[in-house]
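In the two assemblies presented below, chain A is common to both, partnered first by chain B and then by chain C.
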Partner chain A sequence: MIQVKKHKIFKILRLGISYIVLIIMAIASIFPLYYVFMTSFSNAPNLISLAISDLFPKHLYFTAYKELLTTNLYGGSFPLWLRNSLILAGSTAVISVLLALITGYALSRLDIPAKKTLATFIYIVTFFPYTATAVPLYLLFAKFHLLNYIGLILAYTPGTSIFAAFIAKLSIDSIPASYEEIAMIDGLSRFQAFLRIIMRLALPVVALTAILGFSGAYLDFALAYSFLLPNIRAWTATIGLYYMAGLINPASAPAYNLFAAGAVIMGIPLMALFIVSQKMMTRAYSNLAGVKQ
Partner chain B sequence: MKKDKVINFFYILPIFVVTLFLFLFPLIYSLYISFTNLSLLHFFKYSYVGLANYIIIFKYGYFLVLLKNTLIWTIGSLVTMMGLGFALALILNQSDLKGRSIFYAILILPWAFPGFISLLIWQGLWVDPYGMMNRLILPMLHLPRVNSLTSTADAWIELIVTNDWLSFPYFMTVFYSALQSIPRELYDIAELDGANVFTKFFTITLPSLKKTIAFVFITSFVFTWNNFYPIYVLTGGGPGISTETFIVYAYQEAFSYSNFSLAAAWSVISTLFVIVLGIIVIRYTHILDSFT
Partner chain C sequence: MTSYVKLEDIWKTFEEKKKKTEVLKGLNLDIEKGEFVVVLGPSGEGKTTILRIISGLLRQDKGHVYLRGKIVDDLPPKDRNVAMVPQNYALYPFMSVYDNIAFPLKVQHTPKEEIRKKVLEVAKMLRIDNLLDRKPMQLSGGQMQRVAIARALVKGADIILMDEPLSNLDAQVRVMAREELKELHRELGTTIIYVTHDQTEALSLATKVAVLHDGVIQAYGDPMEVYKRPTNAWVGSFLGNPPMNIIKGVVDSDSIIVENYRLGIPKDYKDLVKSGEKVLVGIRPEDMEIDNNGVLEGTVQMVEDLGAYSILHIKINESMIRVLEKSISRRERGEKVRISVDVDKMVLFDASTEKNLLLERGVKKN
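For the complex of A and B:
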């Protein structure tokens, strides 16, 4: 009897502590996001004037959003920087998809000398974030006059496409080779068969690669900053945000609520994209487990 | 057949060329630059200076300071992140806990929101004395204020707490799915044998997760070692160089102080570390086996 009672007390205690920890962590997880969201609907021009009551407001002001989308900032403007980012990220996504699928196809289907060595060599590169190679890349690209968008796209592509190529390889493994063989007997060349059959059947990988390539380029700061800093009109939205947060030149930074509005505009769609890609990634890996059996 | 092999090689050629051009070539070029005195002062007429840059790095103790900082950053972040993620995974894994999926959906938000933007937000939160951390959160918890501009200890607290916030959902997710793959029956049998919570934890849970923990530890070690943005955005390596790591310092030497040759030397050193760590990962996790 005492044993049962003790068991029950222990259970209540265990669940009680669990809920307390979960609630504290949930509040901690939401707070910074909630804070920036509320700041973007306030009128606070800087951190000093941001009152605690602004976090629990009676009125929501849309002035920050209006201003952000219309005013000239430091010689550029947020819509311009956002457009630059979208062009950059879109191009990176397209090139990454092509490169990843061609490589994944080769790794999966084709007989290539020293395949394993090549794969290992390529794979090691994925350990290098752009930030590790930023200095060497800058020095080299300065020499070739590539401190521009073309240079940035060139630099962004390999990281994503190598990682994606390995996922593509696994996914192409699961497509029966007979599909292409039949198409090739029907008179398609290997490359045509690749385009018409593999690209279509590996569509989830195509989408995943596109998302990874897009968000990688869209959110990069280190390389874009080092390549584009002197040319304000060519800035990307991340450089714009960094500047609006007061980290380039605090004296010339615009109102803090503009930064908050920019953070919301940039962050929320990417957050949605992340959740989608997370689901796709899980599916890609579980497909794989199915094939292996 | 031989001709086929050559044609096949063309499929892998693009990525190979890009890799060489963007990885090996810059590395060799910066190795060369690291033996010169290229800087803003000598941008066009730089000359060979031998090992001068490396002598600066090793002779005046910068190397050891940065090594120490990088280790504090990597180990300090990893231990707390993994501990927090593991604890939350254990909590979520209790079968009689209600509302698991709601909590899980909320707890992965820090991971889902773009990290660089989160860091800019946190930078504003930590500003002393106007940021909300020092004005609202810390006083509410009766904790002392944090000022990363003057105190090295405070700077580390700020960096590691922020990094924990950014990364705990990843560890929670990985450990949670590993916990869920442990067969329920194991626990039922242990219960019949009269095992208590702790015996069950140490004889079933921990051994089943050994592989996952090792994999996550090694890959995250490399990731954290190379993690650039938290330090660059939050403290900028300050106060002084007391929170600089290899990767941040190389970047700042180049783009904040325009000391390109010294930055190149730092990049070479930090690249060597990354290669060694990368080889350890490949060796230990056999990650490439399933790919080739």
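For the complex of A and C:
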């Protein structure tokens, strides 16, 4: 009897500790989001205080959103910059996916010289922070007149695709070669088989690469700032928000509610992308589970 | 009849980690139209490599491939008009059974109506027309195998390559699938090249069997002929379960001395050997019998009871042989037995080249 009781107490204790840890983690990750959300609905340009009355406000003001979406700053506006960001991030994502999967396919399937050295090199390169390359890239691209979107995409894609290529290689390694071989015998070229069969079977990696490429380019500030600063109409949302919220000027107080509203708006496409890709990933995994090796 | 699929002096070397492995060493194979050829060989001897070379997925280092009388060395797989059933079936998991079967036709941009007609026709023939809406992961092994065969048949290629398509099935389904495959071949008359390491499969399916070893075809012909008259000692010891016993012997006037016992010379070989010559004697386990008046004497070392028959492992002086005894054996380890041999069914091989003397010396006597 005592044994059983002891067992039960331990079980409750174990569950209790797990829940406490989980709740603390959840608060730590949800609170900042909530805080930004609430700040964006405040009508005062300062950060909201941690008082209960501010955290659970009685009124929600949309002044920050209204100001953000309507203000014209030297010919540029936030919706324009957001559109720029989406185009830039979208192209980066597409090109990253193609580049990463083609590289991964080559490393996995084709008989190319120095394959192992190349794979190791790629692996090591992924450790470099890409902001370290901002200055040399700026100098190089200035020479080639590439301080524009094309230059930015050229600068963003290798960063994501080189990391994703490594994952793609591992993923394609696990797909039996007979899938594409059958497709090739049935009338596709190797590249068509890659597009129609391998890309489809490696869908989780495609989704992951798309997210990495998209969010990398979408949220970047440093490179975009150094490349696009002179042309206001070409700014991305991050640069635009930085200026609009007045974070640039240390003399005046920055408009944090504006900044928070911008952050919320920018978060919507990212969230949509995550939801879509998560569906893609789970479906792809349940598909592969049925494969008999 | 001219050959339909012809491999001429095919060489292939694989290089991995600076280590070269010669897989095919001057392989020749001539296949006539409508034949069901089974390439039989131990694992890792390049059976799949042969299929990949025929289909064009792999290029041979040397030699030529001819399909339908034309050289195809430089044609990519998609232009060779062959179909393949791989070992793991490779059904695309993200497509339904219908789309899987229709895939080769879709690639060729066949009109939708025609695709529908053809897919339904093949599906009906293979009795999978009730599964067309399912996804491959909802199928059993036998069903997956049939879908894979349907996909190979649908585009109407007259050369079909099969890479151990039955190896993933359990024993009962496999026997049924074997019969169905045979039936299908009889109906369609397509040329099928089938590789396997399973001899039962090879002997029961093939109209011609090709035994692969050491990078060349060691024996090629009617399965029973290859079984009864192996071209060399290796083929004899590879084919059959239990395999042929190969024992050293010396010809002495009109008999052969094997482990100090005298056996007669099989009648086909009488004019081919001379006294004092060393030979290898091949005797099938089923051509021997435990018999109190037998010529050979040995001790039982091990007994394998397999139900319908038992395999006795018997030691005669220095040699171990296997003898098949019908009905369940009640013999004990260490028991002394005498064995009689059906002399005319024995096969003699050259002691140095290990080739069948009948084929090597070329004189056929019936």
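Criterion: the second predicted complex is superposed on the first by the 207 of 293 C-alpha atoms of A that agree within 3 Å, B and C clash if a C-alpha of one lies under 4 Å from a C-alpha of the other, contacts with A are read in each partner's own complex, and residues count from 1 in each chain.
Note that a residue touches a chain if its C-beta (ideal position, glycine included) is under 8 Å from a C-beta of that chain, and two chains touch if they have at least 3 such contacts.
Remember, it's a predicted structure, so these values are computed and weren't measured experimentally.
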Requested in this report: Considering only touches as defined above, state whether A:M281 meets chain B (first), chain C (second), both or neither.
Outcome: neither
Requested in this report: Mind working out whether A:S29 is in touch with chain B, chain C, both or neither, as first, second, both or neither?
Outcome: first
Requested in this report: Look at A:L137 in the shared chain and tell me whether it touches chain B only, chain C only, both, or neither; answer first, second, both or neither.
Outcome: first
Report summary line: Max touched-residue count on chain A (chain B vs chain C) belongs to chain B
Query raised in the report: Given the touch rule stated above, what does A:L154 touch, chain B (first), chain C (second), both, or neither?
Result: first
Requested in this report: Figure out whether A:V94 sits in contact with chain B (first) or chain C (second), or with both, or with neither.
Outcome: neither
**Report entry** Partner chain in contact with A:I182 - chain B first, chain C second, else both or neither
**Finding:** second
Query raised in the report: Which of the two partners, first being chain B and second being chain C, lies in contact with A:A207: first, second, both, or neither?
Result: neither
Report summary line: Dual-contact residues of chain A (chain B, chain C) none
**Report entry** chain C partner contacts - residues on chain A that touch it in the complex
**Finding:** 176, 178-179, 181-189, 197, 200-201, 287-293
Query - Interface residues, chain B side, partner chain A - complex - result: 4-5, 8-9, 11-12, 14-16, 18-19, 21-23, 25-27, 29-30, 33, 38, 87-88, 91-92, 94, 96-97, 103, 106-107, 109-118, 120-125, 127, 130-132, 135-137, 165, 169, 222, 226-229, 232-233, 247, 250-251, 253-255, 260, 263-264, 266-267, 270-271, 274-275, 277-279, 281-282, 287-288, 290-292
Report summary line: Residue set of chain A touching chain B in the complex reads 11, 14-15, 18-19, 21-22, 25-26, 28-33, 35-36, 47-48, 50, 52, 55, 99, 102-103, 105-107, 110-113, 115-116, 118-125, 127-129, 131-140, 143, 154-155, 157-158, 161-162, 165-166, 169-170, 215, 219, 221-222, 225-226, 229, 238, 241-242, 245, 247, 256, 259, 263, 266-267, 270-271, 274-275, 278
Query raised in the report: Any idea which chain C residues touch chain A in the complex?
Result: 52, 55-57, 76-78, 80, 82-84, 86-90, 92-94, 103-104, 107-108, 135-138, 141, 144, 151, 155, 168
